[in-house]
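Below is one structure; the comments refer to it alone.
Per-chain numbering from 1; labels A, B and C assigned in written order.
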Amino acid sequence: MSLKFENIRKTFTEENGNEFVVLDDISFDVNDGEFVSIMGPSGCGKSTFLNMLAGILPVDSGEIWYQGSAVSPADLPSAYIFQESRVLNWRTVGENIKFALKAQGIPEAEHEERITSTLEMVGLENERDNYPLRLSGGMRQRVGIARALSVDPSILLMDEPFSSLDELTARQLREDVLELWQETDKTIIFVTHDVSEAVFLSDRVFFFDTRGQIFNRAEITHERPREPDDPELLETEAELMETFFDHMTAIQ
Amino acid sequence: MSAKSITSLDRLTDVTARSILVNISQRVRKQIHQIVLPLLGMIVLWQLAAMYVSDPMTLPTPMATFEQTYLLATTPDFRGLTALDHLRYTFVRAIVVSVIALSIATVFGVLMTTNKSFEEGLSNVLPFAMTVPTVVIILLSMIWFNFGERAVIFATVIAATPFGIINMWQGAKDIDVDLITMAHSFDASTAMVWRHIYIPHLLPYLFGSYRYILGMVWKIVILAEVFGIENGFGAMFRYYFQMGELVVMLGYLMLFVAVVLIIEYAVLKPLEEYLFRWRG
Amino acid sequence: MSTYDLAGGSPRQRIVTAIFNPTILTLIGFLVIWEIAAMSFSPRDLPGLVQLAELTFTVVSGGDRYYFPEHAWITFQRIGIAFVITMVIGVTVGIAMGYGVIERYMTTPVMVVLTFPSVVWAFIAVMWFGLTTYLVMVFVIVVIVAPYVIVNVWKGAESIDHDLLEMADAFDASTAMKWRHIYIPFLMPFLFSSGRLAIALSWKLSLVAEIFGASSGIGYVINIYYEAVRADMIIAWSVPIMLLMFGIERVLKRVENNYFEWRPELDDVTSEVQSG
């Protein structure tokens, strides 16, 4: 029970002054080194949830526990990988990683070593002095991943990181992320729209609904390594989708 | 193995060298097509028109004009100044004014993006400032500052700055907010956000704005110099206009055009390409 | 009371919000600065707001030594004639450049002509044509403004989406249909903004040309007052047309924004320039 969320709630104020609830009451926990996914319809608050964990948005109420003590999001050793790569186009690949290292206050002496090793991990060791606009979409996304890995977080937050890539590139990157995850024992919280992506990657999947609650917690027990088009996985996907649609019609 | 790798390396550098050469010759050819040929065409047309008019007082030939330019640049006039000296006066004024205008524009442009009421107030009032004609600003400024150097500077700054502000504001407006959130997720300090995001983002606009401001300022300075100052291109244009010396005016004009185009195409544009090579 | 109440609320509250509107505040700030500055100048150099209003009224109602309606009318005629000629030339050449044929060869000449200061054209025109009623002014405006219109229209012609043209060809659309549904919609915003730019520049340039090359018109009168060192009269003569031009500009801008809503990226189409 290393990471635990209790009754997390978040509301936004609309232009006209009305309050609306995005996340009502979210509670779940994540084990060390676990790969969990969050799924839900568009606008249900998945990105909002990750943004709160990353300290970009304040939490309204609720508690976060990490390694047995209550913490604020700022204290979580996490790093964020975004849907769009969000790299600085005017800095080289290496300098982009340096940006994160400096921001996190990591000693200058370690920068060199960390930049080289993380670029190797994502297979971009030859692009270090290249500018991002000269890279393909998949490579830019890898820069974003390397940047997050470079600060050596225990928790990786990923918000639909592959949804803007073509399917072939996305498959390759999924394999790579799984490999990195297994090598490094990191905890990953992964947001996605895509049920087959969630089933292929995760140990557990949490389903958010439009009322801001979790309505399904699914354990994916299939053996690893998994094959993307394995019929057993497809069957699990179909079951999950059915529960999902049943619930959506039920709460209408 | 070493011998082999050396030869292949040789070949590699050879290939890159050759591709650079090809590149250069392509560029030269392109520039001949886009710059040299059209310029020659203009001169030929001018020559034909001058031959048709056949009155040097109405339209001197290009050769006569260029000779005049050369003479003006090398011999002192009745004030003991050559055309190049006058050029220097105009040039220094233009640089001073454009730098002042750019600084004001940058401050206001950024203020407008970071502060909503500032934005609303200025964006509705600036268009009015922009409809004030340059001549009116110049004439008033001449009266207020007693027909001197300061009048020229003041008038030009007032005339150009509102345009500069709007230009900077439009640049600052489309900064990518996602990058700012990214920076926050890594706990970057405000100083880092400015250094790595705001400034690099604004720099191309700053550069573009500067070119844009300078392009206007040249001409405004000259217009201001026409009204009551003793040196600089504008003053000389007026003087030779009153003397009825069209050839001399055209001689001055050619020098001016040459200098502006050289600064634009041989200095600012290459510098911009070099500074912003990250744009792929 | 929450901020939310302020937006709607009672009439009194609405008045309060209206006054604290940033635009109004900026305007008031400007007028206050003017008034304070005016106190330390002689009224001939910088009149106070009340004096200025009186002066302007005298000028507009024809009470000044020079008869304003007559001079304003001749200036408008010059601007109008020049505008029509400029647009015809600018649009024709601009479209021709956008279709590639002469673009390569026209860029440099246009750039060269754009560097000429307006006074130089005014001087040359006076030397060629002497003092005239229309010719010098119209010539100067056309020669200076047409290149801007050309560049603007040319950008518009370049913005045309060639994929859409291919689509039209795939459906065997006629040339007329392509013009009506593709070329014109793409060109329209640029034509419109060129027109706006042309009006804004023309009236400023007409003053420069009139100062040196006319014996009538607003610029002519302004120059007389300049030689008499009467800043107050210069301001009083320029304020009425400035207000008018500002009004026209705003209306056109409003129309443009409504009309071309489907292309939000066009915000930066008008590259505004100051004449000089």
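Things to note:
To be clear about the criterion, a residue touches a chain if its C-beta (ideal position, glycine included) is under 8 Å from a C-beta of that chain, and two chains touch if they have at least 3 such contacts.
What you see is a predicted model, and the numbers here were worked out from it, not measured in a lab.
Among the remaining chains, A is positioned farthest from chain B, on the basis of C-alpha centroids.
Judged by contacting C-beta pairs, the busier of the interfaces A-B and B-C is B-C. Between chain A and chain C the centroid-to-centroid distance comes to 53 Å (mean Cα coordinates, whole Å). Between the Cα centres of chain A and chain B there is a gap of 48 Å.
Centre-to-centre separation between chain B and chain C, using Cα means, comes to 22 Å. In the complex of the two chains, the chain B residues touching chain C come out as 33-35, 37-39, 41-42, 58, 117-122, 124-125, 127-128, 130-136, 139-140, 142-144, 159-160, 163, 166, 170, 212, 215-223, 226-227, 234, 237-238, 241, 244, 246, 249, 253, 256-257, 260-261, 264.
Listed in rising order, the residues of chain C touching chain B in the complex are 21-23, 25-27, 30, 41, 45-46, 104-109, 111-112, 114-120, 123-124, 126-128, 200, 203-204, 207-208, 211-212, 219, 222, 226, 229, 231, 234-235, 238, 242, 245-246, 249-250, 253, 267-268, 271-276.
Within the complex formed with chain A, the residues of chain B that make contact are 178-179, 181-189, 192, 196-197, 200-201, 203, 276-280.
Against chain B, in their complex, chain A makes its touches with residues 51, 54-56, 74, 79-80, 82, 84, 86, 88-92, 99-100, 102-104, 131-134, 151.
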